[in-house]
């Protein structure tokens, strides 16, 4: 079973820029995270772009859609910022019915102590191998159907709608 | 959906004792790991004992079995050392047919840099919610059937048999 | 030998606010850092305020000065943001001649991987016990005289002038 | 000012061997620690051997002595296990009167969470630049004279004798 991992940035990949004194993007941490995880799953990762998900445009979102449609793998993980994760999940879930798509990210960057990033990667990788076709969001230890989930921004958690 | 988390020690929970200069057990890290993970899943954790899995006796293993059988939850996660994880999984898989049991642990303690512990917890928690009845081992990014897995001790990974 | 540790914020104490998605202040990490360091030095810590040093006002700086002057200890450590550390050091060095004052901070927050915070605390604590009266900046592994140092903002390091 | 850093192992450099399930030595972490520290001090590091200090022989100790004597630098840091650090310090302090020698190590390996290693490196680097000729032990936030210190093994701290 081969899995595609598409990377688009989000909090999970943010790092601290010590000259600017702010969080930004450098290289993605996902390959390093998979190595640390001793994963033996056959995963092909690809960085589409590294953006805060509030900055993702319609063109960006269409690029994600076309990558999910065109890739040879039937199981796709998508690393994505949490703020617009539900919007992207709805687009993918509405348009792709013959693949398993699992979106994930993190509330705290992998580069910061006490991050949930490695855990969320585990939940997502398990889900993409074990769920039936459809689009899902893997956050807070749960695997949500794309059309029954929203982010509660006041609490910082994903919830069933 | 309520989940039982049974804790028995293993590498995942080992800590460094700075007076003795060796790895040992203190308190379990599993509750702290779940909090860090921002998990909103309803999980009831219980420490049975904290042992290196090479030191687990038949009595210990029977205690694990009876706890899995007797708990009210139909979905059970079991934190366990990797060296005899397969042996315990076989006992549970042979005897329990009406529950989902997922064993997990780690190759590197949670308290040590570069640990796979948080990732494995994520894989296991996702699996216990999404798999059908049976016993499974969640390690190396995969969810193995209890009767088709072995630990390759030379490589330090779990493999299909 | 008793040492006063005055805390004013700066990068060293910044944490990630996962709801806002930005770095901010919570509680100071300095006491936790000293405990982790197994320090047996008699240190009395006091938080004056927690601010980015670019936001420190003249009133704030005068508060720091009066605290250094008034405290009973002859050896004072000052945790301070790096951007205006030199300015505060000059004020203290010009006005206080009968105490050892050592300013320190970090380029990367203690809460972020790969932080220099714990190292800088060690350099500063060693310096405050071993230097003669005067004001110093302990950064980048060096202990600089207050009137012969500047921050090279392009490189993110302190240098002799 | 150029500084020699001699590396001999000890707890500070121990790593977890996940196949053996025990702590052992791989490569030294000292260069990586100095880079993380944003140190701009001119330091030349050299690994003599990587051993638990309980395994250091008289020949090993004489090698350390000759390296301290023969190196061109007048300021030498020595990374060393804590269990026999005092014994080595006494040999160096008795025999070398015209250099500054600072021994340091850690109670918890750098590779393990909550390690004091980075802090101790900072204390030692500050001391080696600021102390007068002699041999010293930099542990627990203090810089001890070589002939007035012992390790309290019950408490895991260095104390004045």
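As written, the chains take the letters A, B, C and D, and residue 1 is the first residue of each chain.
Criterion: a contact is a pair of C-beta atoms (placed from the backbone, for glycine too) under 8 Å apart; a residue touches a chain by one contact, two chains touch by 3 or more.
Because the structure is predicted, anything quoted here is derived from the model rather than measured.
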{"item": "Touching chain B and also chain D, the following chains", "value": "none"}
{"item": "Separation of mean Cα positions, chain C and chain A [Å, integer]", "value": "39"}
{"item": "Euclidean distance of C-alpha centroids - chain A vs chain D, Å", "value": "44"}
{"item": "Distance between chain centroids, defined by C-alpha means - chain C, chain D (Å)", "value": "26"}
{"item": "Touching two or more other chains - residues of chain A", "value": "107, 114, 156"}
{"item": "Contact graph of the chains (line, ring, star, complete, other)", "value": "ring"}
{"item": "Chain D residues within the chain B interface of the complex", "value": "11, 16, 18-19, 21-23, 52, 83, 107-109, 111-114, 153-154, 156"}
{"item": "Complex contact set, residues of chain D against chain C", "value": "33-34, 36-41, 107, 114-116, 118-127, 129-131, 138-143, 156-157, 159"}
